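Below, chain A partners chain B and then partners chain C, in two separate complexes.
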Partner chain A sequence: MPDTQALVNDFLNKLKKRKIEGSQAAAKQTAELLRSVISQTRVPYTNQAAALIQSVKAVGEGLIAANPVELAVGNVVRRVLHIIREEDLSLTTAAMAGLNLSAVSDDEDDVDGDNQPVLSAAAIAAASRSTLRPPSLQTLLEDVPDSAAVPHTSSSGGDSEGKSKSADKSSRSRKLKHDVIEAVNELIQDINTCHEQIAEQAVEHIHQNEVILTLGSSRTVLEFLCAAKEKKRSFRVFVAEGAPRYQGHLLAKELVTRGLQTTLITDSAVFAMISRVNMVIVGAHAVMANGGVIAPVGLNMVALAAQKHAVPFVVLAGSHKLCPLYPHHPEVLLNELRSPSELLDFGEFSDCLDFGSGIGAPLLHVVNPTFDYVPPKLVSLFITDTGGHNPSYMYRLIADYYSADDLVLQRRATSGN
Partner chain B sequence: MDPRRSARTVSDPKVRQVGFFTPAAPPERSCSDPPRQQDLIQPQSPSSTQVNDHSRSGDSLSPVMIPPPPHHHSDTLLRTALQVSSPKTALSYSAKTVTIPTENDDVPSSLSPSRKFVAVKSPSSYPGVRAISVPASELTTVSVVNLPPGISEKVGGGASVEVQNDRPVSSKSLKEKTSKAERRAMQEAQRAAKAAAKAEGTKASSTATKVATSANTKPSKAAKPSSQKNDGSQFAASEKKVGDRAPEKDRKKDAPHPRMQYDDTSRVEKAKKRAVVKQTEVRNRVELFRHLPQYEHGTQLPDLETKFFELDPMHPAVYKVGLQYLSGDIRGGNARCIAMFLAFKEAIKDYSTPPEKTLIRDLTARISSYVSFLIECRPLSVSMGNAIKFLKNQIAKLPLALSESEAKATLMSDIDRFINEKIIVAEKVIVKHAVTKIRDGDVLLTYGASSAVGMILLHAHELGKQFRVVVVDSRPKLEGQLLLRRLVRKGLSCTYTHVNAVSCIMQEVTRVFLGASSVLSNGTVYSRVGTACVAMVAHAFRVPVLVCCEAYKFHERVQLDSICFNELGNPDAISKVHGREDINYLDGLVNRENLQLLNLVYDATPSDYVSMIITDYGMIPPTSVPVIVREYRREHLWS
Partner chain C sequence: MGAQKKGATARVSEDPEELARNPLQAILLADSFATTFRPITLERPKVLLPLVNIPMIDYTLAWLESAGVEEVFVFCCAHSKQVIDYLEGSQWSSQPNFSVATIESHNSISAGDALRLIYERNVIHGDFVLISGDTVSNMLLTQALQEHKERKKKDANAIMTMVVKQSKPSPITQQSRLGTDELFMAINPVTKQLLCYEDKAEYSKGFISLDKTLIADNPSIILHNDKQDCYIDICSQEVLSLFTDNFDYQHLRRHFVKGLLVDDIMGYKIFTHEIHSSYAARIDNFRSYDTISKDIIQRWTYPFVPDVLCGSTAIKVERQGTYRASDVTLSRSAQVGSFTFIGQGTKIGNDTKIFHSVVGKGCTIGSNVTIEGSYIWNNVNIEDGCQLRHAIVCDGVIMKSGAVLQPGVILSFKVVVGQQFVVPAYSKVSLLQQPTQQDSDEELEYADSTSGTGELHSEKLNGDIAPDLSETASELGTGGVGYIWSVFEGVQDEEWRHSVAPIPTDKLVKLMLDEDEEQLTQDGNVLSASGELKADSDDNGSEDENNEDSRDDYVFFEKEVEATFLRAVHENVKVDHAVLEVNALRLSYNMASVDCAGAIFYSMMKLAVESPHSSATELHKNAAEMITKWQKLLKSFLHDIDEEIEVILKFEEMCLESAKEFAALFPQVLHLLYDKEILQEDAILRWADEKEGADESDKVFLKRSEKFIQWLKEAEEEEDDD
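Up next, the complex of A and B:
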């Protein structure tokens, strides 16, 4: 355990100091950390899943609190929790089925664990419902009392599981952990390959002689554009530089070295140029459950301009960026203000920025936000690694990845802090 | 159109007049039904009034005015009915009538159609007064439709009245609808009438004289001058119209001529030969902007500096200003305009007309050469274009009699007047207007550094209003910092941010003040690049956008996007971020074929994002810009 603790602390530090660039890196590192947490967790014979969930949650809360704006961390924590629940459920149902039918061996059970409940009796179905919450309206409504008692869900799940566990063999405990780690590995794999999966769809969206505008830099966008280029599509790209980080320069450089026709423009020229643009393709920081996008600063402006000129505004987002939360006042609550030094020379204005200048309040404020919130009505299309989706569909997509019990994770975390 | 209705309405005034003028009925008139006759004839005696009455509707210059009831509508109907027929009727009348009225004898040379009608008709009236069953009401139908020979002779007093009624109407039609054919027909009618009148004059009969009662003649005489007057005024009006048209033609001619398109190679070559400034084209030109000059920046300045003593035709003051434009020391529409004018003033002061040349022509040519030099340094702003137009106009308007020194003095004072009135005072007026829109507790957002907006903010602060300013800025010029410096120095509380963050900050903003390089006549605000973004976001957040722009910057050109016309700045300013040496990704790539750097200087804000434009003429909606453009031009170019 101590070595994981050290890992966790290290990661926490990095998050707090904002050393981790990009939500993909954050997601990947979170998943890896949680994997090691899970593997280090000593699992009791009873209540295995609950123990795992508890330890993951404990670490996860810390991670989320360390950088609440980096939603990918929370997303991954929730997904790991979801994985644990799912694996646990499949094992439980398999065990129940094994108990009831006493015909199927354990090994086969978890292979076709999903099919098992169909065969099993109503009791199993009830048991499974208590642990697994398939995201449908029906179950959500039924579960209302349960989710009201959220803190206990894990234990209640553990209880039901504990009952079945009594009949279980010791092999199962190892099995759960093993399965969870397998699944987390898959998740990491997904995060790693999301670019390629999104880029595969590029040819369907980019056509000959298109003019594409993007702002700032996103690896997903880069891969997407290059994938289209590799398919012998010739098109031109306008890159807005994306002040104050000027990542657009980086993207322009990459695109130029890969042979794309690139034009670098200032952010202020976006409105001027967008009338000649066929499509806006941008990356996102996070996609909220309502289909809104937390994106690098400036994109709301671009989206508005695109809407004005009826230019499709396409957002590329890996599934780790799908956040099950609904944004409330996201411009403030899900934003981060960076150093004024990126905008102003301290030398000249230091006396005005200073709190000690007579009146008490500084004369000059510098606002340098990191993110913008793009409301769902401005987004034409999301392209995720599972295909293209409408903003209005995001909530459903998100429900596939997260279990409803974990949604409140962050609220507990923040209220705990 | 239904003639019945028009007739009825027209008859209304007549009926009214009956009430006024009953005693005037000539007793001699043999008539089957006297009241009707009265109806018919009275109008003749008060014909002056009636003429006036109608002419009023036509020209409203006659002194007497009896307001006819629902005039307006019927009038148009009537007119349209008459327009077709009146010439013809005139002809037919003149041909038909045989008798001569004494009253009309004294008007042998009747020039206007109206008088001709009078001459012809009043006599004809007398034999068959009864003529028309509903004569007055039939007014139009009579004059238009009928004129079977029998009736036309019998038309009678009613007819005369009618015709007199007709006259102003037809004259109005003449005036208003100046179709050539119609006018010719009128002239012919006049001529025929004249001939007829002469013939009548020879055949004058005593009965006719008898007919003419004092009551009749007097008013008819009275009518004559009035009709003449009317005619005169009508001619005056038409002259005025012609006078109006001339500038209109000018305007057409003067409509914004197509700008130099830099993708037109032959013209570019030609222009290059003339050029003073050596310009090399940028390597990677942006395809979309081939129609704009894309020259290498930074090479001209040293080149020009070396040429300083060789530039014979260029006045040093102009030269200096050109260099300042080139280096970017002078920027902003007003500053550039003032600098240019001051330089021109210097140049005019030192100017002397070469022998065997006239000042007007030579000076205009000289100014033109200065201007083309300045264009080479940096494309003109719209404000400068307007100012140059003003100056050239002033030169052209100089009276030839003026001596050279006088002319120069006039021009110099003109320049001073322009700078003072159109720029300095205008700005003050704008400030005065705009300050009324600032309330305590406001959060005002501004973009870039507009001199007018800066003055507004400072003035409001001096007035003691409590407000906060958000200065939004953008690369590459970071002009907002200049404004920020000014404001902070004066103690205004400011927030500084960049254009990308504008949608984050917009929530707390209550008003947006923007400057403009120009306002085009479709309401588009042509301004520093990024203004459109700010206005758009403000519009999305339902924050009012107030654009401050002096009226001399208004232009009649129209533009829908920012691409058709724009200015391209130095592309190197894009690849290097000032003060951020870590942003050097593009260092080695600038020469790559497929990398283009686009530094737009202006953009066009659609008028729907603009709530209000504050000018020296007041606060107007963007839809009223063309009006200002029109009025301004009239005041300035054709005063």
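Up next, the complex of A and C:
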């Protein structure tokens, strides 16, 4: 345990000092940290899921409090919690199926009865799942496979039931942890590959001789554009530089080295150029449950310009950026004010900041917000690793990833303080 | 396997530095060795004073930690126990990869002593960061460190890198926005080597001197007055041993840096590293406390801002830069303006207005209170109707209803201000009485309150307060507790410079007027001013040499010599010393000993004339006394006949012009000089010969002394006869 504690502290520190740049890195590191927390947690014989949830929540609250602006951390914590619940559910349904099976076989001693209890187990699973969350469109459409597979394997275990109950229990406890860790590994894998998954869809969206506009720099956007380029699409990219950090410069450089026709413009020139643009493709910091986007500063302006000229405004976001919170939620800190030194040179302005003369109060106030909020009505399409979605569909997508029980995680954290 | 091993050892020998890579270390001086924060620092060390509600040392440590420093030695001296206790109880004692060790000392009185002690402990094993515990920064060290290492590799004498930042000084007050004096630096723009470092104190006279060799050695030099010294130094190990070798180094800048710059024997070099986008500043006085607090609130120090350091669930930034803790009780009618910080558990009453201020934890502020530009620490109780402008109010202070603090007031811990009492501007109020003997030497800060004795003192005093109430009540109104410290003469005019309050407009206007006047009178002043100056400081002479014509030189020189001589007479300076001084003057003015002889003789005679006398005989007596007494001085500049003739000529000139009373006595004095063997007969005769062919008007004195010369000649002939 001490080494996980050290890991947690280290990560907390980094989050606090704002040393982790980018939500992908934050999400990945959070998932990895939680994986080690889960593997270190000793689970009791009963109620293992609760124990796991407890320990993950304890760590997660701290992580979220360390940097509430980095919503990806909270997202990953909630997803891990959701994974634990799901795995626990599928295991209990499987066990119930096994119990039912053995009970039935004990009572009736009939070989044909084998078919019915399995069905009933699946029904129980489906029922309990439906109490957990509303049925998502995804599951309704492509219902199936894993819930059917799990009872099947455990029903084979059900045959050798009478031999040792305690052995079964310990294997079950190990199984839960094992399954959870497997699932978290998948999550990490998902986070790692989200760029590629999103980029795969590039060809469907970018067409020959189009003009694409983007602002600032996002790795997802870069991969997306390059993927289209690799598929022999020829198109042009306008890059707005993204003041005050000017990461657009870096993006332009990178695009040029990859052989894309690139034009660099200032942020303020976006409106002038938008009429020549076929599509705006940008990255996001977080996607809220209502389909609103928290994005690098300046993007709201771009979205408004795009709306004015009816240019599609496409937002690329990995699934770890989907946040189950609403932007009007009081606990959501929408913005972060960074150092004014990114805007202007302190030395040049030092005489304006001399508090010794005058009224003794600063007359110059430099504000440097990091994020913009783009309302859902300005977004045409979200492209996540699972495909393209309408803003109004986001809450359903989010319901797939999170349990309703975990949304309040943060409020507990504040009341705990 | 063998090959691999060989390769490994080869690499090791190739790059020993890689092998000897130590964790980056830092020395943090948790003592400013200055008295600027008195009376507060009598009770609590400066590094623990809250800066926007977080102790200063936390900013410094947080920065060191994030900059990649792994080991910090905190040097505590004054109130060392408080510092150690604080650090032990804080988050810093349990950080992974970041160790904070304390070094305690009770008898160090300067940064120099501290570094010598650390050298003795032998804990520093490589390059280290030297910083004091009152520095706020967010710069990245990596680049500066790398530059330092590379320079060190090339040139073993490059032992220190100083961090500087652009910051324009105010043209009116000649001080930076941090309240420090204007700083003058000469930097080689290519190598970034620091060549000259002058605080304003040294060049206030209107000039700075640069060593000629600097200009010869460096193809280009840039002189800066718009650089701020951040007091963050990256030092090599040699710095510590240098402090040990030079036991008289006390102050880091005044002694150490200047010492290195002047010393060209060892050839140690100091370089600068300028930061642009990042922030660094040191809290040196109350003005910089104010300025840096405002910088933090304006987020220049990001990420070292309160909402990040405390966690944003506890403190939130609202519009217009207002920081508010989560559990503040704020009346609906209270107004909290921009750039204000309100700490946890603070209660604010109706119609209270707070602007540009910091209010700490657990304060109770009544109704109709006005707080502007003030710093209120923790657990302060301000009753209804108080007014505070640009003041610092320490922990536990109670302000009774209607009390007023005028700009620049400092209320130290637990002071009570009585009802309706108006604390005058710039007063410092403390429960402790002002130490009676003020150390004029700034180095000896805390000298009388070192390490915990201050606390004892305060406890004792707290006990005494009850009986003393009647006495102190008068000082701070009815029910008031505390002493108003008196301001020392001379310091008073300067109080506004370093105060938390902005500089009053009338001061600024006055300063501006002064400056204009100075410029107007400067030309007229040059003569007399430099004349006075030279009277005591002989060695400054060379600087003026360039400015003036050589014709004027002699006049100055004569004046100097006269002043020296008069001093010698009045202060009974030994003849030998007077000779030395005159010689020094002669060298600095580039004069010959002829000129010295003339000037000394002139001074002697002038004094003789000026001393009271009623008749010619008395004057003669005066002159005789003078000559007898100072003949040795005069003689030491009379090496040959030419010089002696010069003396006679000078005398002649005097008799004609400045001291006509001597005209009648000319032959007598000449005789006297001959008797005292100051003048040889040859000299007098040569003079007579020279004058023989001159105009009639020139021969006045020759004629008067004809008899004497005749006698001389006869004596000579007699001798020849013998």
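The rule we apply is simple: the second predicted complex is superposed on the first by the 335 of 417 C-alpha atoms of A that agree within 3 Å, B and C clash if a C-alpha of one lies under 4 Å from a C-alpha of the other, contacts with A are read in each partner's own complex, and residues count from 1 in each chain.
Everything that follows uses one rule, which is that a residue touches a chain if its C-beta (ideal position, glycine included) is under 8 Å from a C-beta of that chain, and two chains touch if they have at least 3 such contacts.
Given the structure is predicted, the values throughout are model-derived calculations rather than measurements.
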item	value
Touched partner set for A:K19, first chain B, second chain C, both or neither	second
Partner chain in contact with A:A6 - chain B first, chain C second, else both or neither	second
Residue contacts with chain A in the superposition, chain B compared against chain C	B
Which superposed partner A:N368 touches (first chain B, second chain C, both, neither)	both
Which superposed partner A:E32 touches (first chain B, second chain C, both, neither)	neither
Partner chain(s) touched by A:D345 [first = chain B, second = chain C, both, neither]	both
Which superposed partner A:D405 touches (first chain B, second chain C, both, neither)	neither
First (chain B), second (chain C), both or neither touched by A:D88	neither
Which of chain B and chain C A:Y246 touches, first, second, both or neither	first
Common ground on chain A, meaning residues reached by chain C in one complex and by chain B in the other	340, 342, 345, 348, 361, 365-366, 368
Chain A - residues contacting chain B, complex	238, 241-244, 246, 249-250, 252-253, 256-257, 259-273, 275-276, 297-298, 300-301, 304-305, 308, 331, 335, 340, 342-345, 348-349, 352, 361, 363-369, 372
Touch list for chain A against partner chain C, complex	6, 9-10, 13, 16-19, 65-69, 333, 337-342, 345-348, 350-351, 353-362, 365-366, 368, 413-414, 417
Of chain B, residues touching chain A in the complex	286, 288, 473-476, 481, 484-485, 488, 491-505, 507, 528-530, 532-533, 536-537, 540, 561-563, 566, 574-575, 577, 579-580, 583, 585-586, 589, 592, 594-600, 602-604, 606
Residue ranges of chain C in contact with chain A within the complex	62, 66, 95-97, 138, 165-168, 170, 172-173, 175, 177, 179, 226, 276-279, 287, 290-291, 294-295, 298-303, 308, 311-314, 316-317, 320-321, 326, 338-339, 355-356, 373, 390, 501-503, 508
